[in-house]
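What follows is chain A paired twice: with chain B in the first complex and chain C in the second.
Showing the complex of A and B:
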């Protein structure tokens, strides 16, 4: 297990709010190997974005308490000073945010935003940084990069801006990239372009990618492993095949079934999950999904299930009444 | 299908914004009919003019030219005053569930507002509101006196639906009504819409960018690109066998939540051109792998390729009949 790039252990991120302690990330542990793509899926409020920001060490808000451990390539992130975090940002880990409209500085030419990273983090000279920035813009598929180097974000479309964000994130060849909903808000044909680009760059630059999304279609064919989150916890994780085809947690199944599919005939009745995602300030002491789960028993409402192994390597779920294996081997 | 009369008939609808050299051609000659009890889906990427089309039908955005007929009555030339009354038979549900409800009013009053406006002093006002809220799954006893901010996005969308049904409209225009919702909530709202459509005998125009959602609710689907309909046909037929190259690319880009699906091979390159300076001839030709000189010279007219299946392309793909 020495080639683990990212080791997350018992991570908690809690916000002190007017309504009480809000456990946004509630005891999460997982590891990520070199050159691996991991998908993290969940609905809004499941804690996936807070998890990514905590891994990055961006949870500096005063009312947030972080406990546990995040090790990126051996360096601890939790409890580290801003200064030390800056040493790993960009070179070890970087992040692609959801909204390409707001993650770029609107009054700064895009080329400058790419070479800023190069000059500050790698200490490149102005000329070298500009040369490299143009190469990077070309690498992410921006046409006529020399001209576009001088453009402002407002002169580019959403898809092009996301390419610039990707160029900035990858400028210093990080080993781990956290992509938080990188294609949400983009059109489907542009989404396909961006996801293909990320795949290509991952191979080319030998990085590991964590793809965070609410859209199961995005992770289905582009990840090797998937984590399903609900109410700040991991409810199921395993290989992409296992999670899609042999899930044990009723929530995973419900999530998969409630999305309409292009391959189904029109007017197919959708399977729904009753109720809505839980209020994290008023969680039951048992399983957070129990109030919406059709298999819930008294035990589910009173005792919190921990992750348990299925027998298939790396496949775990947290449920007292798991679905029977579709492969019939459990 | 031929002898049915359309509830909604749109002919050569054009919407331009601005004027002179800065004219944005948002909708460039769109024609379609929607029959009673039917759901027509309009799908396309951002900037294709689908929302503008929806708004122009209600004349929230004024049309530049063309006609819109509801039940044979032309609303495109009506005076504002007459139009207001005519609009009661056509209601719209918007994308953002929270901002489309007045934050300062109780939801039972929001739902009653159309009645207060058109049929004030109805003795059965309360019972209509109670009935509508029950229909959309909001308990009027418990929640009737609350404000929009006290509800989740999905619940707000339920309240919007209740309000839109207050005047018993014939036509409901849904503009990206589920795109801000989580999948589990989205499924609830789509099922609710199907149930209410049957119960109230509604005719729906369902505008969205999500191909799977549109297919799920629609009997027929129109695909728009840069202000024009490039293909229209029965949902199952159109999805199984698209005749327009753009439709094919669009469907190819739709991601299936299945790890065994394998369709990233053909990805559409480039981005849609600016509607301020649309390409001559076929508007898709700049990105189309099959484009020829003819596509640049001649605007393709809609042609029949199957029953109720029309495509605006000089070189339609061969379709396989279902």
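Showing the complex of A and C:
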């Protein structure tokens, strides 16, 4: 599989906490090809952000144990030193952070934050780097980029700041970009702009993108494949088409149903998922979703379902009582 | 942007006004009659009345203040009744010694505190961090007059390093080497307190800043830890450091007198102690005004620096 850009194999991230071992990422495997966009979807606390940071090799919290394997363009990330990872950070893989209000340095001019990697990683001269940084700011749609180059983050709006974050992440043309809820902190109207911008840049710069979100609407039209996560595990994955139209896992359906639709009549009650995301320190033996699942049986509570194929290529789910295919071919 | 500085400037002027009233009134709080002090054996009601009229002491106190402050603005702090020297001249002769001690002590304090705080903050609760925190706490609780005595005992007496003991001070122009070596131990003494303060403030701010999301983002860009520390973390973490340095450096002018007195270094503190002992009221007044004015100005200067270090301040 030499054309796979990212290969994740049996990845576990466990945090040692006062309450015991917390499996934030629990045995995840998937691959991602060149120029592909993958969506990772799940509720808050399902392990999406930890997964992204583990793939990147950026442990945010101490006391984390990582096992398994992550290969980015052939380079192993798990178990290597920060110095080794620095060789792929920026140039092979980079991350677009969630909150543009906290992810830019408040006391550094934004131009300096964008052109820093150009000078350090690519060895550009000061003038060249500045020129390129202004081009990048223009590319991400920042008006009068020469002026904004000198601005501090506090002088820009949230949407503009997120554009700066994107410009910074893409400065050295990485092959893989991890976008961790890139629009959660933004106004709805700005969200669409930022996502369209990402799409556009992905085509222009020939990158693969992992789009992490809790909002299925965000991934619906922008990804080729979707992974649905629950309690640190993959519960369903497949092409975007399959996940939306032919999902088998009740959790996937619950997520889809909980998104408000424009076609709903006024005053329609929002569908919610009963219960709360599980406490990862006290998981049941069986399926983590079983306590909230209306189809749960004794088996669901006692035996953990593994991922199984549906027959459609690449479409897998982990459930003992899968929904019957809405296409009627299951 | 200008509003912050203007606000600070107004505060500065107000504080300087209060300081000047305090310094002026000080002389009226001290026991004794200046006329008696000046006239000595010639004191009698007639000579006193003449002298009071000469000095303006028979005028209402607020008029006396305005006359006095008018002279201050013209650089005239009066002439000492004891040494018959202009007060300003005496102060200006002493002040370079204090400045030299402060500069040396601050180079030592910042030079030690910044790299050590960075080491500590990189791995909070590591052995090194605990050792440094405990060590700085011990240093914090040792007063300067103990430090200087110990330093003199070890360096000048036991090790016999020349020109480091008491009464070895010579002006810089006369013999730069002896000048520097004579000021080394007192400067180290002043540096101890500054070091502890700077280390603790910077360590705690850096530890916080290093947990910020923008530091994680800087890491993800693939730049070195060294660069992250100096270019990304140090500046946002240095605001309280600069603030406390402003207060501290001003205070050093006032607190240097202990070491100066012990080692007979004719700095401003030494002059002040001498003036108090000889009841040289005008000199005391001049030194108090000069030192407290300097403390306020140094503070303002550091506020000004902070304003440029942290662009967030200009937005508030």
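We adopt the following convention: the second predicted complex is superposed on the first by the 324 of 330 C-alpha atoms of A that agree within 3 Å, B and C clash if a C-alpha of one lies under 4 Å from a C-alpha of the other, contacts with A are read in each partner's own complex, and residues count from 1 in each chain.
Throughout what follows, a residue touches a chain if its C-beta (ideal position, glycine included) is under 8 Å from a C-beta of that chain, and two chains touch if they have at least 3 such contacts.
Not measured: the values here are computed from a predicted model.
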Touched partner set for A:69, first chain B, second chain C, both or neither: neither
First (chain B), second (chain C), both or neither touched by A:157: first
First, second, both or neither for A:312, with chain B first and chain C second: neither
Touched partner set for A:121, first chain B, second chain C, both or neither: second
Chain B versus chain C as contact partner of A:189, first or second or both or neither: first
First (chain B), second (chain C), both or neither touched by A:105: second
Partner chain in contact with A:34 - chain B first, chain C second, else both or neither: neither
Chain B versus chain C as contact partner of A:276, first or second or both or neither: first
Greater residue coverage of chain A in the superposed arrangement, chain B or chain C: B
Parts of chain A lying in touch with chain B, wherever the complex brings them together: 43-44, 157, 159-160, 187-193, 195-196, 214-218, 220-221, 240-241, 244-245, 254-256, 258-273, 276-277
Chain C to chain A touching residues, read off their complex: 212-214, 216-225, 227, 231-232, 235-236, 309-312, 315
Complex interface listing, chain B residues touching chain A: 45-46, 152, 154, 182-188, 190-191, 194, 209-213, 215-219, 235-236, 239, 249-259, 261-262, 264, 267-269, 271
In the complex with chain C, residue positions of chain A that touch it: 56, 58, 60, 82, 86-91, 94-95, 97, 99, 102-108, 116-117, 120-121, 152, 154-155, 165, 168-169, 172
